[in-house]
Structure formats: C-alpha cells, structure tokens
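Letters are used for the chains, namely A, B, C and D, taken in the order the chains are written, and counting of residues starts over at 1 for each.
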C-alpha cells in the first residue's frame, strides 16, 4: 500500500548518504534550494555539537529530475559526507584495507550497540554505530523535503515547535537547561509538536487497521532514533470526560466548524479537516561525556562507555525529522486518494 | 515485509466478523479455547455496557487448522454476531431490502461519521458506523490470540494493566470514576500498559526506518480505535538527563544485566533482552448519553448527537486489543528473523 | 503497491472457501448473479469430471456490501463446499477427531505432494492436497468477478478462448482429443488466450521493474495451478525482424491508429490503447487414472500414484481463472492510477 | 512479503545508475570483481552496437559493505555513465539549463514513447526514452550479482544459453542471422533459457497465489524490457498427455530421483529438487535503422520513426538480465524460508 516509496542508505562516516524515491507524479517542480534549507534546519538548533559545522549538508540529485521537474522516473538524492577523506580507509569497501583503527567494543548504553552486535554478529561495534547513528536522518529530511514540495502543491504546510526540554518550557529556560547539561557533560531530550495545516478531509481510513493515518504517523515518528512517545491531539485524554474531550460540530455561516481540536485533526483514523497535531518525546542523546557503566564485549569486563563527539540536545533536529517523516506518510496518502501520474491529472 | 499477514472484515451488526491469516508455519497447535478466552477478556472489564452480554463471542475456524494443528494453509476465523437476526434486513446485501430503518444523519463528534461520510460519499451514516465501530476489534483479538499461540512456542508471554482512568489510579478509584461517569451519562478513557516478556534479542532493526520495532508497535497500537498516544518505556524521558535515563550494563555472574529498563526493552529499534513495555492512552468513548452539539448532514441544521447503546469505559478491552496487535507485530518479526515453514524448523 | 488487495483461504474438502477483498471504492454496485455466473463458467467446460456437478458453486457475501453496493468496508466472499458433510470428520479442526481415513502417502507426480510434504513437514499428504488443489481457484474467480464489476464501470470487458488442446485446434478436434484422453484414462492441458478491451492508456509503467504491467499479469497467470507458460501478444517474436514485429502508428482521420497488435497491447510495460492479449499454456492435469510411477513416503518403496476423482481437461476453467486473476491486476492498476474512495470520485 | 528489497534509479544518459539493496544478512562476502564480470557479461554478446564500448560498466559501492563484507546496512551500488560529460547540459537537473537539444517528438513504435508521453504528460519524448531505455538493466545486473553472491553461499549456481534467434538455432546460424539483420538495418530478438541448479526443495508455495515461485519468476522475467513470453520447463505441455508430461518418481539407491524434468523444477509453485528451467522470448529491438511509420506528437503528422544508436540483437544481454532478476527472486525466497540476520545464523 505504499505508492510513495523510498529506500535510504549510507553510514555516518561513509562516502555519502543516498536515497531513491519512487512514486511521485511527473511535472512536479523540485526546488533544490528548498531541500538544502530543510537540511540546514536539521543541522541547526541550540545544543548541537561540533560536527554540525563540518557537515553543512547539501543534496545532489542524480536522477529523476530534469530541468527542474520530475518526469516519472525514480529520484536519487545524495548527500556527501564532507569529512569522508579522513575516514576513507576506516570505512573502506575493500577487504585489503581492513584495520581496527576506530574500532571499539564497549557497548554504549541507550544505543543499538548491544542488541545490534548480537543480531548482526559483529565484534567491531563501529559496524553497528555507523548505520544506527542519527546521521542517517539527514537523507530522510531530504526525502521529506521532496514530499513537502508535493504537499505544497495541494496547499499543505507544516511547522514545528519545542514544548519542553528538561525542566525548561520557554526558549530562555530551554537554553539554560541545555547550557547546564553541557557543562555537566550530560545530555537532554525533549518534547516537541508538529502541525500540518491544509490537509484534505479523509486521508487514512478506519476500514482496516493498517490504513489508519494516526497509526502510520505513529510508526513514522516513533521509528526516529531516540523518540520514545507519540501522541495525536490533546495529551490528557485519559483524564477527561467524553463530554469535555470530543470536538463538537457547529454550523456557522452555513459551514461546519469546530471550536476545539482535542482530536488533533484525526477521527476514525482519518483527517477531519482540522489541523493535524502530533507531539513526540525524544529521550536524551545516549552519547555523553559523563561516563556510564557498561561492559566490554571483547574482554567481558566491567568498564565505562565509549565517547564519540556528539551533541547535548538535538530536539530541534528531531522535530525537523518528524516533520519530514510525516510528510512522507501524507504524500503517500495523497497519492493513494487521488492517484495521478502527472501533476496535470489533479485539475486543482 | 509482512510474513504474518492478515485481513479482517465485518460490520458491527453484520452477519459475522471474518479474518484470514496467512504466513504461520505448519504444525503449530491451535488451542481454540485459548482464542475464546481472549475474546472473553476483551468483553469483560468494569464499565462495559449491555451489548457485551449479547455478544459472548466465540470463534469458528473454517480453514487452515486440521486435527488441532496448522498445516501451512491460510487460517479463517469467524465470529458470528449473536443478534444478527434482528439486523438481517437492515444490513442486507440485497438492493431489494433497501430501507432507511436505523439510518441516521447526525454526525457523532469523536467518531468517523463526519470525515467518513465525505470520504466515502455516504448519506446514511450507518454505512460509516458499521465498519468504524470498535466491534471489529473482536476479530483482531482472535487474530492476536493465534499470534500469541505462536509466540508462546518461543516462550514469549504478555500481560497488561490499567494505569489510570480519569483521576483514578487504583482499582477502587477507577471503579468509582467509572460509576460517576456512568451516572452522569458521560464516558471515560484511560491509560494502560502492555508488557511482553521473553523476547529474543534483536527483533526489529535500525538499518531502515520501517524496520524499527518501536515504530511498528506504535502503528499497531495507535491505530486501535480511540487510542491517542503510545510510548515505549519511561514516560518522562523529556525531563531526564542522559545520565539518569540510559540503562547501564553490568556484569553479574559473567552475565550482562541491567538494573533499570527506562528504554522499555527497545534500543536502536530492536529488542534488547529486557521486558518490552508499551503504554497507551485511550480517549473517552465518543458515544455518550450526555448530548453533544453537532450538525445534521441531511438538513444542515444544528442539532444534538445520535445515541447508540454503548459502554462507559472500555480501557480494559482496549488493553487486550493492544496486546493482540502487538502479538501480530512480534509474530511477524519472529518469522522474519527465524523463517520457518514448519515448527520443526526451529530446533528449539 | 497493492491497493486492490485480497487474501483467500479454504481447503478442497473443507467447510468453505473464503476471501476478503480490501480496497475498492464505495458505491460500486455488486451484482451477485454476475459472480455466480462466473463461478458457473469455471465449472463448465468439456472434459470436467463428476465433482463439478456436486459443486454448483454460489457465493455468499457476509460483509462489505449493503443494499447492493460497497461502502468502503472490506468484502467477505464465502463459497460453501456442498459435500462437506461427508468430510466433516476428516477435515475436522478438533484434535479429538484425528483419523487417518482418507490419508495417503504416495506422492502424486506433477502435484505439490513431494515438495510440499518436505517443506511443511507433513506425513499425511492430504494436508498438502487440500490446499494445493485447484479447488481454491473457485474463490479466486469470485474475487475476480468483483474486480470485473469494477472494471466494467470503466468500460473494460474481457473474453477468452481455447487455442489448442493436444493436437486439436477446433472445437470438434478438441472434444475428440479430450474424449480420447478420457478413454485412455489420461489427461490433457491446452493453450488459451484472454483478451481485455477498453483499457485506458498508461496502466503499468517502465519506471521501475515491479510496476511493469506485463510482469504483473505474468505473475498472476503463471501462478495459476498447472500454468507453465505465459505470453503477451504475438508468440513468434523470436523469429521476426524488428521491421515485421513492431506495430507502426498511423494517422487516420486525425486519430492515431495501429494496423497490427503484435505487442499485445503492451509497450514499455504499459497499456498502449490496443487490446490486451495474453496467452497461456496449461499442463495436463496431474491426477490421472493411468498409473504413474512414484514412491510411498511412509514406506519408501516404489509404487504407483494415488488416484482421486478428477477431470480429463480443465483448460476452459483455467482460462476463466486467468481472466479473473488479470481482472485483479487491472483493478489494482486502475486504483493506483485514478485513486478514488467512492465511485463519485471518478467523474466519468 | 519482500525481504530482499531494492529500488533502482537512473537515466540512460544521466550521471549514473543507482540501486539500494536492503535485506541481506551481515557478514556476506561481496566480491566487487564478480559484480563487474557480470556487468561485462551483459555488455558483450554478438549483435551489440557501439555504445557497449563506451560503457564498460563498473560498479562503485558507496554503503553497506566494509572490508569486503556486509554488516546489515543497506547497500548502495552506483554505475557512472562514461559519456555523461557530453550529456550534462541535456540531462541537467537545473531549470536554467532547459534546452530542446536532443528532444524529439516522433513516437518510436515498440517503445514506451506513445503510452509514456500520454501517461506522464510529456511533450519531449526524451523524458520517456531516458528511463524506459534498457540501459537501466545494467544496475539490475549489479543488484542480481549481489543476490547471486548470496545464493552461492547456499551452493546455488546459474547459467543461461541462447536457443534461437530468427531462424538460427546454432551459434553459427545465429551469427549469420544477426549479420543479415544488421546489413538490412533491421533487428532481431530471440529465445533463451536460464537454468538454476542446487536450489533447496520448497522455495515458494501453493498456499496463496502470490507465494507461487513460478509466478514470481514470471513477473521478474516478463518485466524485462522486450521480453514477451516466459515458460517454466517443457514448452509443449499443451500438446502432451498427462502420462507423458509428468515427472515420475523413482527410488534409486534409497534416494528419490526423477528421470525427466518437464516441470522445470517447479511443482505446486515450489522448487522440487530438480533444476529450475526458465525460458523466455525477447522481441526484436524496437530501435532500428530501417524506417518505421509513425506519428509526430508535436505536429500530429504522419512521419518516420526517430533513430538513436542501438544494437542489432541483445538477446545475450537479456539472458544475463533474466539470470539477475531470477537471482533476486530466489534470494528473497531463501530469506523468507531461512530468515537470518547474519551468515552465522545458517549453520550450513
């Protein structure tokens, strides 16, 4: 049931990240600058560390776009890693280059290291780190930016905001929290909100569980590295009476309107014409300067966790990734609902 | 990527609910009594209304099981609606029986009525109610029970509990809250937790976003009617420092152990050997005696919402459905990880 | 990429065959008589044996259709096996009924018995026979009939004809061949053709290999039990020069027309406006009175194959199944191209 | 149901062809030389034209392989187009570079031009040519080579041979036919056979139509550009009696053996332990020097088809592509049957 489909690939310190997108209609304008702005949005944010400066990601499109427009063919997006030259040998494809430089064996709590090394039978935990790293969300943001360009054609726009980080609930408080964590060599997560406006009524469905739009959004957001909770609409539904919670319908100037949006824009697994409101919780970044107890996989001895340069708080980036992931889900729903092989098919 | 796949069908007042399951290995023992016990668990719970007595659901297996065991063929599960004889004409397949008895046109806030009638071009909102009703979760519980039988073979077991309903946090308080709501003609939702124990390490993956187990679980649970939030592990991740949150690894008697499980059993989108802990929030049931403002679709006049016999609180049922949905996700993951055309292939 | 999706279930001598179809738009008229006529078409045909009289299949719709129309909900189709009462014990779900009556252990060459029993670890080959039997194509024809009703809405119609059976190429010759085979206790296959008319231009695509319509049709037809070859258009493409084979375009009365259709209606994996022409070859039915050498799985001794009542030639039925399978592929393509949640969305 | 999944992208004259493969287990050795040899096999063959010399394709792996082995992460394969510098402006992503150089408007019969331009609303037929070109099969051969490396681990090997081209049935005759066609400015197709040896019993299934291995193979082969027919096993099944066709089982030295393989290694949609034999027919290449009647899309006038440098006969290349496609299907089946996150899981 995926019409907007894509695969992504690439390691944190590999040559490049790559995505192939298949399913968009022809004659959609692809604004490369917009994709790059989205990549920049992901890299900024209070609390990001040094690597962000190295990165300054930009996308290269190597297929599927000609003279600024799609023409039906799959789109390839590539983001080159700027510091690959320093990693070329370490990340080499060739068996001749095998080295244990940059290899490590101390499981980092909160990361994929432990389960990943067992699952994939890897002794060098770098082989887990490289793909499990949140670095890969850069290419997902590029894919999401393409989806957003498609959604824009239908008048659909999105935004996001940070709700809370640690004890901080305002920008000033949040920055103070992050400063404090940084000073302590610690990290923080946070809570954020994504809002989509302009969605047509009836995306998603109740007719089969896997068509529910809320479910598809939940999958897309929960699978972002470090996200631990997702909610749609009002978060205190469990405390409220039905008569308080449900969004009544009113007739105003012959139009059906609501005065509340506790449902967050979704009833019966479908968009209902109100803004789509998605909240999510990100756990603290699991790579921190402060030492954590762990075990060394090679010696089976108690030790302390490995440290690799990282950020203090990445909740702003996470919100951008969530926007992007939701854009992909919505693009797919639009395609399922309206079909279309070319933009001309929509008669908007 | 679905190896355990299924479709469900059936209306709230139709002849029966049906499911076809495809993908389980041969020679799995299917205990019909267990499926029926699960159906009963869904129907019980403090706060359920009159229909539950009518129902007393039992499953009939019409394919895929012979002499108590699977043999590779798709399994058909059927739950007959006990009061179908009263609805036979109203839900008739035949155009000759067309009637507007039991039809209605007043959108019920919180239900699929409004968006559904626009999406599917339906004037009689019964055509929306019948499939969007949570009645369909009965057959999902039956499907989940079959998945649980498969998981049991691997030593995987689950349980669930209610955390909060309204302001109530203990059984006594919860019942009092429900009694109060019932008296007021109102409804309540709640918060619950599902725990799975005995999962092998490494179900799910970080290598591609759609393989993340947390994402797949989030989809499965968020798409349950009335669920508005899903979380994995500790709910206050957004407030905690990394050094507080992450589950350190310790070596005890030459075994790697954890003293905490804030991650809820998932790191890097994979099971990590700890218990899987999923929490979810259910909104209050949107069918309530207390009147809600709404609009009549046929007259476009302001009116009050339609009332159909219902429950005051169904959070216990919702928890059983969540268990079932997660069972399906886990069964699929086990099949992807271990393959297997027959139980004999596992060599457990 | 499946929007028209379905699962089927049921054994040759089980209680019933069942299918669930999900994905059709609302307000499509479902003519039950048409489905039953299609079932009858499958059962007739020169060369069918005794069981066809027992069968006289009719469909029961237990969900998804109300007052003659779809309304978005999944559709359940059931075909009851008329002689189930004679098989109730033998095909029982209950372990208490276990019996070796009607069990068998002699692999039937040409059937699934040998590979199936190894794959699914079954000693009683009945557990293979029951699902591998072509009996299951009855419910596929019912599913295909529903797909055809959808296609009819777009003005798409199909037909099929037998091209050759044994050495026979005319009806008279074909009947003579079948009579001769029957007399000898032998069986025959045949070659047939399915034609679809009225298809819009541009179903399927060349942009990714799994979107090619010819590939999807080939899968649908080749997976019919006993089909061994599928072709699109002119069969002698390997002998012809490019200048002979390719269908030139001409301008006649300001319209683009072709004078030939060697491509069989598909260029670049897409419908090109000409009739879709699919040919297929069915192997002889592998259940024959004439004895075949085989091995007994229980004793590992050389023996002769088991005989179960069967037909002499089922190529006409096979053609109906092929029509049905192709209808499902085309319905899916129409849904992907045009979207649509209700018939009203098409503005035809 | 795809565990071995991949997307491909890239235009005939674009910068590069790209593929992302997801689903292979970790610790599989990836021999880049083998992939390049496969690419060379596709480019050679009697009857190929000038471009083949330009190409001399080689693959670059930019993700998913480290020190010669997979480690669970998706694999990116890139084949750069050697003459891209000559096309850089013509195939530019930037709207600023828009040009009608190399654009064309005369539909080429036998190509995707006509249906493709209508489907995707393209005036410049180059936008159809670029992706519909068989050039894209180069990256499919690279993907298939990776699949073959996986299959080799299980002892599965393949080969292919040309059966007939025009009237030629021996190498000498075939070369003569091709020489003649070339001289006439014409083209030829042909018939070829792919054989896979060493397959385990029980890949694929009869339990649901879309699990039949013969169907999946038929899709994979029929969707290759220019393929018009696919068959499994003996091609004359429609002429033979059941007693002649079916492959009897014999007990020789306590082992079950067959003396014939008319079924081509598939019974009941499953591998049966015999060699898998797939035949296919390729139509003549539709780009020929000899002029074909056609219509100009821009002027709607009768004209003659556009000529772009091409081959006389590409049936050898087509056979290599078929091998590759089938390798992907089989790799997927192996993964479904045996699961496995790392090579160590197989215990071979």
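Here, contacts are C-beta pairs under 8 Å (C-beta built on N, C-alpha and C of every residue); 3 or more make two chains touch, one makes a residue touch a chain.
Please read all numbers here as calculations on a predicted model, not as lab measurements.
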Comparing the two chain pairs, does C-D have more C-beta contacts than A-C, or is it the other way round? C-D
Tell me, please, which chain's centre (mean of its C-alpha atoms) is farthest from the centre of chain C? A
Could you give the separation in Å between the centres of chain C and chain D, each centre being the mean of its C-alpha atoms? 26
Express in whole angstrom the distance between the two chain centres, defined as the mean CA positions of chain A and chain D. 35
CA centroid of chain A to CA centroid of chain C, Å: 43
Got the chain C residues that touch at least 2 other chains? 5, 7-8, 22, 72-74, 116, 119-120, 131, 202, 205, 207-208, 341
Per the contact definition, I'd like the list of chain B residues that touch chain C in the complex. 5-11, 14-20, 22, 25-27, 30, 32, 61-69, 71-76, 91-95, 97-98, 116, 119-122, 127-128, 130-131, 341-345
Touching chain B in the complex: which residues of chain A? 7-8, 107, 109-116, 118-120, 128, 131-132, 140, 164-167, 181, 184, 186-191, 201-202, 205-210, 212, 214-225, 227-235, 237-251, 254, 256, 262-264, 267-273, 281-286, 288, 290, 292-295, 300-302, 325
In the complex, the residues of chain B that touch chain D are 1-3, 5, 22, 72-74, 202, 205, 207-208, 335-341
